[in-house]
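Here it is: the structure, laid out below.
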Amino acid sequence: MSARRPAAFFLGGRHLSEAASLALIIPFLVLLFVVFLLPLGTLLHESLLMPKPTTAHYQRVFGEPVYLRVMWRTARIAVYVTIVTLLLGYPLAYVMSRSGGLRLGLMAAAVLLPLWTSVLVRTYAWMVLLQRNGLVNEALTGIGIVDAPIRLLYTEGAVVLAMSHVLLPFMVLPVFSALKGIPDDYPRAALMLGASNWSAFREVVWPLSLPGVVSGCLMVFLLALGFFITPALIGGPQQMMIATLVSQQVREMLNWPFAGALVGVLLAFVLALTIAFNRFIRLERFVGTRS
Amino acid sequence: MSRPPRPGGVGRLLLHAVAYAVIVFLLLPTVLVAPMSVSPEKYLQFPPSGFSLRWYGEYFADREWIEATLFSAEAGIISAIGATIIGTMTALALVRGRVRGRAFVELLIIGPVVVPHIALAVAMFLVYEQLRLTGTLVGFAMAHIVLALPFAIFTVLAALYRFDADLEMAALSCGASRIATFRHVTLPMIAPGVASAALFAFIISFDEAVVSFFISDLDRKTLPRKMFEDIDFDVSPVLAAVATMLSLLTIAVLVLGHFFKQMADRRAAPAAGGTKP
Amino acid sequence: MRQGQAGAEGRVAVHDLVKRFGPVAAVDGVSLEVSPGEFVALLGPSGSGKTTILMAIAGFEYPTSGRIEIGGDDVTWAPANTRNLGMVFQRYTLFPHMSVAENIAFPLKMRGVARAERERRALAALETVRLGGYGERRPNQLSGGQQQRIALARAIVYQPRVLLMDEPLSALDKNLREEMQLEIKHLQQQLGITVVFVTHDQTEAMTMADRVAVLDHGRLQQVGAPRDLYETPATPFVAGFIGETNFLPGRTVAAAGDGMPVAVELDGGGRAEATAVGALAANAAVRVAVRPERLALAEPAGPGLAGTVIEAIYAGVATTCIADLGGERRVRARIAAGTGGRAWSAGERVGVSWQAADARAFATTAFGGQA
């Protein structure tokens, strides 16, 4: 047994040594470098340095009305989706948080099932429902709200509806987590002190649930900004969002630098939001209902 | 004696009505597609005019569908194994180790979730072209491991946080090496968490559409990519059959995941520590 | 080579141990020797550094400086799993996914002992802790006391050089704790194993240990047999921490050598006799420490300090009188039942006195400010 002090790097004790920690984390770092940082870096490199150092591609993103319109539409749809999911998700999360046993289990299953079902499956289902001779039109004409089937697919409303459906679980789960953490005694105490139900909610429950609301809104908004599959299939050319534009630039125009600039703008936005709200992003919530 | 009015009669009713309406909204599209998939008609309709497994038959008879499914399954299994191993190692380092630049590592972990998949997809497409990885199993597996890692890491992290670290100290004091401690104590304790990490990594890979859309090539494509092409081309009832089968797969995964979670709860219970006799 | 009673194997030596966490020294230069087969308790309040010392011996903390030897080997930097120590933790650390027998056999398995031999020794260890027949149970089917007995069996089944215990009884209720204290002590004597035992409970330390090491703020205050600590505390901290003590500040009348009687002029009036702890100069600021049961109460006309009884608390085995001596000085006197003497009641005038040999005068400068 050696009496010499080993380098601090190799000293473990109760914890793993720094050396062991590094060894454990290296595969993650290497993989993320090769398949995450390097590709994103290369793409940004294209946008800034091709063919020579220039900001021309970024100027084009912000300079041409057609692209500004796409970005404005993307932001608008993302905001709509965030609002719709919050309005639909909060009541559900609230009822879930005050339920237990079988009812909670069934509700949680109803939220988790769509979350883990392929986006394509859900988008496809909406296409089937919303098509000209689809179920929604049949229902509308059947009740007599409209005389003839109307066009639902390829409208902004359809995009918002389908995206809200796809992203709703990302709102419900964090809000549920936050609400679950509020003991029943708090609103009860407020009621005892003379508050009405509504003011007990507004003054006690809502403020305490805000971290969950922020977390849910952030996730939904971030994911909506970059959404590709649903708008590409359910929206028409008039509803083009930034992701579809990027795809088009890459696949049809082969304009990598400009696609890179679009991604750069998107990334700057996302990175700023992520760093600002880092502590609200809790992924384990999406794997189980309790955490 | 009159009882005090129950808090919020009407409000409560309204709240529950909204909640159940939202549940119907969440489930409806998926639930409606299933009956349509067994309709004999060429055009999707509801309610179906009869019962037929015709579209399921077409799926199984179509080489392209089967190849795409098998390819996705392969990529899914490899991704699940890779993401689980790398995710467990990373989570261990973060919880039990000393990691320099922890803030950077943590940001990197959530990166693949918050960075829009479209951005990652075109970026990978650009690099994969140069590395000749498009349409390869290795390429898909690497991409999907990265996408699944955040969820795998967080699942294992949660399992590690629930388990009493003193048990590892006890094992070390019994003379077990770090590796033996992991094998005999840590791993059995967090096994349910690791299993659900693998499960969810598989489903993330199997269902992943955006990156697959870009890094597929004409011969090798995943199931979601094949679906995307078909949806764009024509909304055939075969897709309803595929969608129904995928929904069933998801249900199976969730049921299994729930089972693992219950196992984890049982394991964590006695280790909660400090309980009175 | 491993047998409990063996000479040097069970010796633990800590030399000049220092452990800093950032700017805070959790352990500040502690040296301690534990002889083979000895039961030593590390006693101190929370934050005194006792657990850190144990963790350094176990290999779960590495010192900032200093040296740790076990059985003559320098193990300061050796990984925990190579030290061949047994350890029992504060929390029940049985592996919940293994049966009781598998738990006990685990360290043997790690040492490559064959299965049959493992089982035999695990069963023997179960008998040792009086839980024969519990081998097939799961840890969560046992009570807290049973779980700690199993943890003990697991820690001794491989006959380690030294057994370390980190407040193993603190999660148990009082009666069980007292029962286990004696049980562990008897087991230790039977096995002849060296034990280092961390506790914040002075009664527990005094009940179990051959010697007690009292720690405060990372420094060793005194090491000694329970009787020595109580009768002749080396510092005011020890006097105050172990048992109850009255402290009265004052100044020496004349110089005195260590252990010599010294007269003290008390602040607030009165003169008292005490035994000097360390050499004291004339007119040095001191604190006189005297145990409540060493105080004698007499009629006010008698010898000693005059005061007033404020309260007399009858508690069966003894009566505690609180007397005000004036100048914000209060002392507690304990009169054991059956020793005769009269009963005192509040408001009575009283004379308080003691023997010089029963009071200790500590220089105030050494450990000023501590009660």
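A, B and C are the chain letters, set down in written order, and residue numbers restart from 1 in every chain.
By our rule, a residue touches a chain if its C-beta (ideal position, glycine included) is under 8 Å from a C-beta of that chain, and two chains touch if they have at least 3 such contacts.
Since we're looking at a predicted model, the values are computed, not measured.
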> In terms of Cα-based centroids, which chain occupies the most central position?
Replying inline: B
> Where's the contact count highest, between which chains?
Replying inline: A-B
> When the centre of a chain is set as the mean of its C-alpha atoms, what distance in Å lies between subunit A and subunit B?
Replying inline: 15
> Whole-Å distance, subunit B centre to subunit C centre, using C-alpha means?
Replying inline: 55
>> Going by the contact rule already set, what residues in subunit C reach two or more other chains?
In response: 59-60, 79-80, 82
>> By the touch rule stated above, which residues of subunit B touch at least two different other chains?
In response: 169, 178
> Which residues belonging to subunit A are in contact with no fewer than two other chains?
Replying inline: 12, 14
>> If we count contacts the way the header does, which residues on subunit C are in touch with subunit B in the complex?
In response: 58-60, 79-82, 84-87, 89, 91-93, 95-97, 106-107, 110-111, 138-140, 142-147, 151, 154-155, 158, 164, 171-173, 176
> Once bound in the complex, which stretches of subunit A touch subunit C?
Replying inline: 1-6, 11-14
> Can you list the subunit B residues touching subunit C in their complex?
Replying inline: 164, 166-167, 169-178, 180-181, 184-185, 188-189, 267, 269-271, 273-277
> Which of the residues in subunit A end up touching subunit B in this complex?
Replying inline: 12, 14-18, 20-22, 24-25, 27-29, 31-32, 34-40, 42-43, 46, 88-89, 91-92, 94-96, 107, 109-114, 116-129, 131, 133-135, 138, 165, 168-169, 191, 197-198, 222-223, 225-229, 233, 242-243, 246-247, 250, 256, 259, 263, 266-267, 270, 273-275, 278, 281-284, 286-288, 290-291
>> With touch defined as at the start, can you tell me which subunit B residues reach subunit A in the complex?
In response: 7-8, 11, 15-16, 18-19, 22-23, 25-30, 32-33, 36, 43-46, 85-87, 89-90, 92-94, 96-100, 105-108, 110-128, 142-143, 145-146, 149-151, 153-155, 157-158, 169, 178, 196, 200, 203, 206-207, 209-210, 213-214, 224, 227-228, 231-232, 235, 239-240, 242-243, 246-247, 250-251, 253-254, 257, 261
